[in-house]
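This report concerns only the one structure given below.
Chains here go by letter, A, B, C and D, matching the order in which they are written, and residues are numbered from 1 within each.
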């Protein structure tokens, strides 16, 4: 078994990491790290468990440590740290020879750091060799994209063959994306907030790196433009995205549907869903409460595939689970890819 | 005082009509009409009052009549009828010499029927002369657009000077838009529905008539394309619209903001808001719960005016009250315009 | 395998029956019955599947039949029929030799019909012998209580030893309890409704039969009084109950907690939870979203066990899943009890 | 005009104070005080305005000062301070000769501090003479009760004549009661929380002081017992209370209804509602969204008045606006009482 630590273990994404790694056939939870406020105490005493599953009994009594390689005994650490903390902490783990699978934004856009979705750009993983050499590290950092980016980019991948020219996206994002206390109820009951701090720039740039070409030494960004408007709505889990894609080949809705349905991932692993993209034919689907759990939260569900009145555009709706496929599950799937490709050994 | 009847008086839009017309300085409620199920009974016994204002005491005891000119004594009738009923009933009133101010979709796109927003296309009102002649009616029908169309078109009007080339719109619409029982709570708590039956075609066509030119005999539709994706969210009242506009002159966000701020309506009347468009500078506004009531529900609030990454596009968010500005208030404002222009006499 | 039919298969409780019976180790779904509107069509075409699990593939193509023993080939039928339909239909099945496990209210309070919660009054099942004799039926009807009654009565059972004298209960009930379209969203967003038609009388009487003594020929109702106030809140699934119990022995909160924790069910079967009552110590639990799924929806979770300022009263909060433990799961558990006690044979 | 300051002016109750005092015929806003974080800055820059009314223009540019009599020029200060801050700050104002109308809990239960609801115990105001003498202050402190207490106690006052013996209350409280950020949306969407820190003891004790008799020198608490269970639900504004009252005279529901309907307040003043208690006959009322605004938020609406199955108990539902009648409006009404009774001069 591979020893796995979780950095930022008490927050919502940290709890999802524990949920996914507990009973995982390849990994065993070896360390839970969090801030000074929690370190030295038992996990069950400092983490208020917010999931509707029960906290694993054996986790309850684990002592929380500081997010420092000195205290964390692990082959790989999953990072749910806030971006500013991640910036400091993650390199220390990589330097100490540990692999870092990070959900934080801090290093996503660095030239020698892979930003990965296994079904989209598994080959970018090779960047880590350059990263280790560049930085003189024994370990390395691998990142997954922003939650909203992941759902959208999974659906753009099978459309790349048609020649994507531009993407317009309006999102309706779940409150869990802001962390447990991120969205006050006063802000969202009988209301929505048409702004999410820092979100639109991520959604407009990360997919270009993800869909970019790895030429053996660097990533050449994909050459199209994305325009995003991001909104928060009163949904617990599950981001909904309304997407317009302009494509050179101007495919029909049927061709797009086939491309989605035939899309397969590049690995078979415990967390990889059978179908990364599930297509629904009902007029009023996908819906976040009904579809976020598909593929154990790892599939993206699409529907309403149709022609736009604006020339050469296809429109559709995508829904995915933001804290599973869009966060903790994304990092775990990246880790499974690393095992599959020999970067990490059972 | 002008005698005013309400057709479809028991539903949600009908209740808003009563709320707006009660104590109106120009109109007095003279008749409440509804279906056979309610006719012959007292209004207070058949209408379950759903507004947080109290039902006017003098309305409670009014006898509901059938929506037939025989029973409705009125100079003008406000129609909140379902579209299929409106198709049958509204012409009978016009034929009988009554003016019909209709919120129904049935006649909106007829060539000789004005589709009106006073601040946008008051001159289209002249079409009624042709309508009366064409059809041999003593009265006539005037319509207001779909709720979503109204908010959007009010904001497009001041942008017309920049040469609108295309519009992309994603909506987050309030549940009241579907009527009191239209959206089951099971469909919308911790959820959203990315589809509203019949909505997108209306939003994609009505604005072109509204922004079209009246050449003295007919409307020439505006020459641009709209692509709409419409979604229902857990908000009681207030539609939110995320809008991208491509314009020939490529105005800056500041120019667009000025155009919005300087936009004035063409009439002063009891229901006309001081500012048809209110601009907010906060990053996270407009929001439906906080902004739907602005201008007593008759103003549209816009914010987040910004450049899109897609060339020559401006993005912004608009919020308006769907059952006031988007329905009952729209018809009442049209009626006030008719008084102001001499089509209806106090 | 025992052949099982579902009556009222298209509604929400019907869908839960299908979810629970599909892959059940003892039962196989042999017939789905619904009203004339659906009969003769494929299930997947007439039932809009509302659960977040997928509809079982093999169910999709089943032809729906009328709820008549002529068309329903089954050893046992699970009834999710509306009460007035159940009144007509259920006796026909019993007469035809079929066992009816009913969630409907129609026969719950009949003298010779068992109202059953296996962990509470399994011995009442013997009433069916009298029922068959009385009515000259080859089959019989067994019922489960109202959803709200079930949660409360499960928690009252272990308190019976202390001599219950009175119970006061205020409920906060989930919208799914009213069926998919039962509660309009306009009624419940930013709101609650302090009334549920017909609910309070059921909650005030059914527990007395459930906790009554079977003397070999009839049930003698338990001798205490219940006062209930029932309210609907914006929760999808999971009823919350705030309960005061006055007991002759005046037990301490610790004694009550022990009674809850030590309470065991009387059967081991596929649907029976390990712990019918789970006790939580956190100050702010149980909560419906976090606790309704405990024991696969079959456990009731209690917390905040404390002394009331009113003499000799214990207060606590109980949460249970209203459409699983409180409806479909209740009937299935009753069916498993009948198998366990030899009334139904594998 | 009387000069009025607001302490804790940036929070939700502080904003309600500004809303109520702006354009008040007797008071003029003379100072806004808040913590060090805000002092010295313009109000519009530090207070995020959360109400759906607009922030008064003239307030926007006011400089916020520290809550210290040195900086606050006022005849009366309205305190929306947190209880621990109020404990320090309020006596300084009273010592400096200022009148303090406080919504904070800090001094509510002090022997020489009036806990006031004008319609309930206006005569307790005389306690301030003793308070000034006791403490050697030129000014004094007057408090209003907890929001939940106010609604309940207003309805208990007209029942006192029947001889109240005990009260059982289950509440469903609005999220605004916890302040803007008090309840995370993750805690309340598709959920409720059956616990509110510190609430039940207040609800169980404050009404006894309010309904107590003033014997010329002290308050003798009312002699009955209250048992409360308090719960938070997904409602923006408006607490709902399900109440059981046992009375010696065992009045009928009709007698109770008459007592409610005939109940009048003891003063006529700008904020005093025409009817402190409004009775509704519909089976499903009161409801918070529909009834919280009655009497401009100052009336309590009751309904479902009925006999309990438990002997000599009457049950009913009460709804009131928690941040108006239950907080800021309560303090303003107390201030108006002080003007009316000559303790404060225009």
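Some points to look at:
As a working rule, a contact is a pair of C-beta atoms (placed from the backbone, for glycine too) under 8 Å apart; a residue touches a chain by one contact, two chains touch by 3 or more.
Given the structure is predicted, the values throughout are model-derived calculations rather than measurements.
Seen from the C-alpha centroid of subunit A, the farthest chain centroid is that of D.
Just one of A-D, A-C or C-D has an interface built like that of B-D, with over half of its contact pairs in common by residue number: A-C.
Subunit B and subunit C have centres, each the mean of its CA atoms, that are 47 Å apart.
Averaging Cα coordinates per chain places subunit A and subunit C 40 Å apart. Residues of subunit C in contact with two or more other chains: 50, 189-190, 234-236, 289-290.
Against subunit A, the residues of subunit C that register as touching in their complex are 50-52, 54, 189-190, 236, 289-294.
Considering their complex, residues 12, 50, 175-176, 180-190, 234-236 of subunit B touch subunit C.
Subunit D meets subunit C in the complex at residues 166, 168, 170, 172, 190-195, 197, 204, 225-227, 229, 231, 233-236, 240, 242, 244, 283-290, 303-304, 308-311, 313, 315, 317.
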